[in-house]
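Both complexes shown next keep chain A, but they swap its partner, so chain B is in the first and chain C is in the second.
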Partner chain A sequence: MKQQRKAALPRYGEYNCALKYIVEQGFEAQCVLPPPLSKRTLDLGAVNSPDLVCTPFKTLLGSMIEALENGADTIIMVPGACRLNYFAELQEQILRDLGYTFDFINLSLYNTGKMRDILRALKALNPRCSMVKAGKAFYEASQMVEHLDDTTSLYYRNCGFDPTGTYPKIYKKFIADMYAARSLAEIRTAYRTANDAFTDIPLKKPQDPIRIGIIGDYYTVMDPFSNLELEQKLADMGVEVHRLMNITNDMLRNSEKNKQVKIREFSEYSMGASSTADIWQAQNFAERGFDGLIQVKSACCMPETDIMPVLANLSQDYKIPVLYLTYDSQTSDVGLMTRLEAFYDMVEMRKKVAR
Partner chain B sequence: MNTQNAFLGIDVGSISTKAVIIDEGNKILAREYIWTEGNPIGAVKKLLGLLEKQFDKDAWKIVGVGATGSARRLVGAIVGATVVKNEITAHAVGTTAFHPEVRTILEIGGQDSKIILVENGIAVDYAMNTLCAAGTGAFLSSQARRLGIEVEDMGSYALQSTHPTMIAARCTVFAESDLVHKIQMGHPREDIIAGVCRAVASNYINNVGKGKKICSPVVFQGGVSKNIGVVRAFEDLLHCPVIVDENGHLMGAMGAAILAKRGLKRTVFDFSVENMDFVTRERNCGGCSNNCEVICVYRDGNLIDFWGNRCERGAAGH
Partner chain C sequence: MTERKIPAIGIPRAMLYYRYGALWDHFLQTLGVSCILSPPGSRGILETGTRLAPDESCLSLKMFIGHVETLIGRCDRIFIPRYSNFGYTELFCTRYEALYDQARNIFRSTGQRFITCNIDAQNSSPEAKAFEQFGAELGFTARESRKAWREASNALEQRKKAEERAQKELADRPGLKVLIAGHSYILSDPYLGKPILDYLGAAGAIALRADALDPETARKACARFSPTCRWVVSEEIVGGVQLWKDRADGIILVSAFPCGPDSMTNELLIRRTRGIPVLPLVLDTQSGMAGVETRIESFLDIIRFQKGEMV
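The block that comes next holds the complex of A and B.
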C-alpha cells in the first residue's frame, strides 16, 4: 500500500484544526501542522517573496517552508477573493525554485463556491477514499469552524472583564481540544465544556462597557500573530472587542445577504475582497452605538486602502472615531501600543463626557 | 513656611527632551528644553539638574511625576513616575488646558507627526503617521544641512520668498531628489526653502490629515512649529489662522504633568536621581520561539524594572 500522504496548510489563525479534521477524518491522510508563526516564519517568507507583495503572502510562504521542513509532502493553499487567489501559483513556483519536492493542491482553481469542487480537489490526498465520508468530514469541520468562531468571539468580548484570569486557560484548552477532536461529538463536547466554563465565571463588567469593533483584511484581522495580538491587547485594557470578520460569518452562514445594497449610501460598487463586508460591518458597529472602530490592514492591501475614504465618511456621519492600522513585517509592538493606548484614552474620555 | 504641591512632567522624544514643573493652577514654575542626543537617561539627568536650579525647593514640593514621549517607559522607571502616558494623550491634555477652545491640534515632531481633533475640550479623533516619517523635523534638518543653513533659520529665509518653488511632496525620498533638481536648475535659495516648508505642510495634510475635517481654531505645535515658514504654509493651505503657543514645544510635558496632577498616586520627588547610576541591559529571553528582547534597567546595580517580554517566562528574575 502506498504511504499515507502528509498534507499541510500554512498557518491561518487557528483554522488549521478544521483542515486537520478533514484530512485525517475525511481522507485518512496525515496532517502536518506547521509550527506556530514566529519571527523566523516571517523572515523565511520575506526573504523569498517579492518585496511589495502584502504581508500575508510572506507569512503564508514562510509557513509553507516550515511545513515542508516538518515533513509535509503536500501543500494545500486556500483560495481568496483578492490577489490572494493568485498567490498559490506564485508560491508554488517559489518553493519549487527553492528546490523542495512536494505536491501542491491549489484550491483557487476549484473556487466555485461549491463544496463538491473543493472535495474533488482534495481527493488527490487519497484517491481511493469514499467521497461520502469526505463530505461528512467536510460538514463536520465546518461545524468545528462555527464553534471555533463563536468561542473566539465570546472570548474576546469578555476576557477583559474576567477578574479570575482563567479565561485564557479555558480558551487555550478549547483550541487544543479542537486540534485533538476526532468526531463531531468530541467537537460539541469541547465547545459545551468551554462555554460552560466561561459562563461559570462571574464577570466584572460595567453596565455600559467600552465597545470597539474591528474590521480588516481577511488574513491580518483573523491572525493574532499578524496583527500583533491586537484583540488581546485591547481586551486587556478592559474593552469589549467585537469582530464580525471570520470564516463563519463571511462564508458559512453568510446570513447578511445583499450587503452591497445595504451600504449603498456609502459605496455603490464593490471594491473587491473584504471591502463590502468591511463597510457593512463598520456600519453595523456604528449603528449599534460602538465607541470606536479599528481597521486592520496589511501594507499594500488594495481593497482595504480603497475603503478608507468610505470609513472616513462613515466616521463623520455616525460620529465614531476610526483608528487605521497598517501592518508590515514588523514584529515590535511599541508603536502599536502607543496608538492603542491613545485611542483607548480618547474613547474613554469621550464616553465619560457623553455620560 | 508651608510648602505647596508641584508636579513634574517629562517628555522624552527622539530629538529633544522637555520638562516642566507646574503648580496646582497649571502655572509653569520651571521649564527646560534640551537635545536628547541619543541618550535619554543622560538627557533626563542633565535636564533635572537644569530644572533644580530654576526651582525653589523650599516653597514647593513635587508630589507627582508624569512621563511621556517615546522613551516614557525607560524614563518613567528611572524617575519613579506616578503616570506614564503616551504622547498623543499628553499633547491633547496639555493643549486643551491652555487652549480650551481648540478644535484641531497639528503636531510635528522630530520623527513623528500627528493630528488630534477636539470637540468641547476632549479629543474625538486622532491620526498618527504610520509606516513613513515623511515631512517630519528630521527631513527639515537634513535639507537645512544640504542647503548649508541652520534649521532654526529656515523660517526667516522662507519668509523672504515671494514665489515658493513647487516641490513634489508625496514622498520625502522623491521630494529630496526633486529638491536637488530644482537647486541645480538655479532656483533662488529662499524660494527653495519656502518650497520645502510648503512641502512639509502639504505632505502632512495629505497623509496624516487625510479625510479629517480640520476646523478652526487650529493650534500647531511640536519642534517644527518653531519654523515660521511651515506655519505660513499651513495658514495658506488651510485658509485660517494657525496658533503657535510660545510653550508649544512643552505641551507634551505639560500634559504629562497635568495627568500626574489628575492621577491619584502621590510620591515625593527629590532630585537625587541625578547622582544615581543607571544601566540598561538587553537580553534575549530564549524561553520560546518568540525570542523576546527583554530590557532590564538597573539602578546602582539593582534591577528596578524590565519590559519587552510577552509572557511570564520572560520575567527578569536575575
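The block that comes next holds the complex of A and C.
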C-alpha cells in the first residue's frame, strides 16, 4: 500500500488553513504547510520564472519549492480564470527541470466544465476517498473561509481605532486556531471567541472616519505579503480599510451577472477574470461616499491593467481619488510608504475642505 | 425594396483584424455595409496609442488604441468585436475580451459610438449567433446575416488553406529556413513584424510562419504538447511550431512586451524543445531595428555554423 501522501499547496494569504482542512479532513492525506512567504520565497520564484509573467506566478513557484524542501511529496495547484489556469503546467515543468521528484496534481487538467472530470480530480488526490467525506470537508472549509473573511474585514475596519493595541493579538490567535481546527464546532467556537473579544474592546473612532476601499487582482490584494501589508499600513494611519475582494464575496456569495448589469455604464461585458467584481466594488465604494480607492495589482496583470481606463472614468464621475499600485518582485516598503502617506494626506485634506 | 440607412463602420487594422479580418470584411461587404479601414501600422500610430493606453498594457494594445484613434470622428461606429471564448476550453486572452469596453472608456469624451460582436459561447452567444446579433444591430434580418456569416467563414477557411499551401511550397525549397512563431498581428504588422521578415529575406533565409496551418490540426498538435493551454490563438502557434519545426533549421519566437499568454507558452516551448536552436525576441515601444537585427544576424550565424556552412 502506498504511504499516506504528504500534499502541499502553495501559500495564498491565510486561505491555506481551509485548503489544509480539505486535504486532511476530506482526503485523509497529510498536509505540509510551506513556510510563511518571505523575500527568499519570492527570490527563489523570480529566479526560476520567465521574466514577463505576473508576480503571483513567481511567488507561488517559490512557495512550491519551499514546500518541497519541507518534505512534501505531492504538489497541488488550482485552476483559474486568467493566466492562472496555465500556471500549473509551466510550474510543474520548471520544478521538474530543477530536478525535484514529486507527484503533481494539476487541477487545470480537470477544469473542463464536466462533472465527470471534477470527480476524477478528487480521485487523483486519494483514489479511495469517500465522496461524502470530501463533500463534508468542502462545506466545512467554505464555512471556515466565510468566518476567516468576516473576521479579517472586521479586523482591518477597526484595528486602526483600537487604543489598547490588543486587536492584532486577537487576530493572530484566531488565525492560529483556524490552522489547528479539526471540526466545524472548533471553527465556530474560535470565530465566536475572536468576535466577542473584538466587541469587548471600546474603540476610539471619530464620527466620520477616513474610509478607503481596496480592490485588486485575486492574489495580490488578498495576500498580505504580496501587497506589503497594505491594509495594516493604512489601518495604522487611522483609516477604516474596506476590502470586498475575498473568496467569500467573489466565489461563495457571488452573482457575476447582477454585478455586470449594475456596472453596464462602464463595462457592458465582462472584461475578464476579476474585472467585473473590481469595477462593481469600486462603484459600490464610490456610491457609499468613500474617501479614496486603491487598486492593487501585480505587474503584468492583464485584467487589472485593462480596467484602469474604467477606474479613471469612475473616479471622474464620482469625484473619488484613485491610487494605482503595481507590485513586482522588487517593490520595497519605503516607496510604498511614501506613496501611501501622500495619498493619505491628500484624502485627509479633501475631507477637511468638504466639511 | 425599401431603402435602409446603412452606417459607415470603421475597422481598426490591428489585433485580431490580422486573424479574422477576412471574415469581418467579407461579412460586411456581403451585407453591403460601407467600411473604413484604419491606415497601416506606423510609428505615429503606435506613439498615439502609447499616449492613450494604460502604461502597463502590451505593445499590441497600444498599437490597437492608436488605430482606433485614427478612426475617431471619421465613421458612424467603430467595430470592435469581443472575442471571449468558443466554449469552456476554447478561450481567448482576456485582453480581447476587454477591448470593446476599454476603448469605450478611453474614448468616452469624444462621443464616438462603437459597435461590437460579442462572441461568448459560455454565455450562450456562440459565433453564429453573435454575428446574427451584430447584423441585427446594423439593421439586417437574421437570415441575411446568417448567409453572410457562412460565406465569410468559408472565405476565411479558404484563405487559411491557401496560406498553408503556399507555405508547403516554401518549405520544399532548398536553403536555410527559419520558423517564426508569433501572433499574426505582430508578424503581419508593417511596423512591428514586417521588418523582421524583410531582414530574414535580405539575409538569405526563408521565413516559415507557425500560424500558416489549418487551425484544427494545429490545436490538436498543441493539445498533445501542452494539454492545459486553452487560448485558441496560442494553441495554434504552439501547435504550428510542433508541426513545422522539423522543416526548419531554427525557431524565432516573436512576442510583444509584455504579452500575457506568450510569456508562458514561449517559456514552455523553450523548455520542451530539444535539438533545434530557439531565439526568443521581445518587441517593445523602444524598438529601433538595430538591436533586433544584431540578434537575428548572430542567430543565423549559429544555425549556419551548426550546419557546417560556416567555418
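Keep in mind that, in the parts below, the second predicted complex is superposed on the first by the 339 of 355 C-alpha atoms of A that agree within 3 Å, B and C clash if a C-alpha of one lies under 4 Å from a C-alpha of the other, contacts with A are read in each partner's own complex, and residues count from 1 in each chain.
Following the convention adopted for this analysis, a residue touches a chain if its C-beta (ideal position, glycine included) is under 8 Å from a C-beta of that chain, and two chains touch if they have at least 3 such contacts.
Computed from a prediction, not measured in an experiment: that's the story for all the values here.
Of the two partner chains, chain B and chain C are each touched by A:Ala299.
In the superposition on chain A, contact of A:Gln4 is made with neither chain B nor chain C. Shared-chain residue A:Phe266: touches chain C; no touch with chain B. Once the two complexes are overlaid on the shared chain, A:Thr166 sits clear of chain B and of chain C alike. Of the two partner chains, both chain B and chain C are touched by A:Pro309. Looking at the shared chain after the overlay, A:Asn106 reaches chain C, while chain B stays out of its contact range. Counting the residues of chain A touched by each of chain B and chain C gives the higher count for C.
Within the superposed three-chain model, A:Met349 lies in touch with chain B and out of touch with chain C [touch as defined at top].
In the superposition on chain A, A:Gln143 makes contact with neither chain B nor chain C.
Once chain A of one complex is fitted onto chain A of the other, the partner contacts of A:Leu90 are limited to chain C, with no touch recorded for chain B.
Shared contact residues of chain A, touching chain B in one structure and chain C in the other: 299, 308-309, 312, 326. Across the complex, chain C meets chain A through its residues 54, 56-57, 82, 84, 88-89, 93-95, 97-98, 100-102, 104-106, 108, 116, 118, 120, 226-230, 257-268, 271-272, 282.
Chain A contributes residues 50-54, 57, 82-83, 85-90, 93-94, 97, 106, 108-109, 112-113, 266-273, 275, 299-300, 302-303, 305-310, 312-313, 326 to its touches with chain C in the complex.
Every residue of chain A that touches chain B in the complex is listed here, in rising order: 35-36, 38-40, 299, 308-309, 312, 315-316, 319, 321-322, 324-326, 328, 334, 337-339, 341-343, 345-346, 349-350, 353. Of all residues in chain B, those touching chain A in their complex are 70, 85-89, 92, 120, 122-128, 130-131, 210-213, 289-291.
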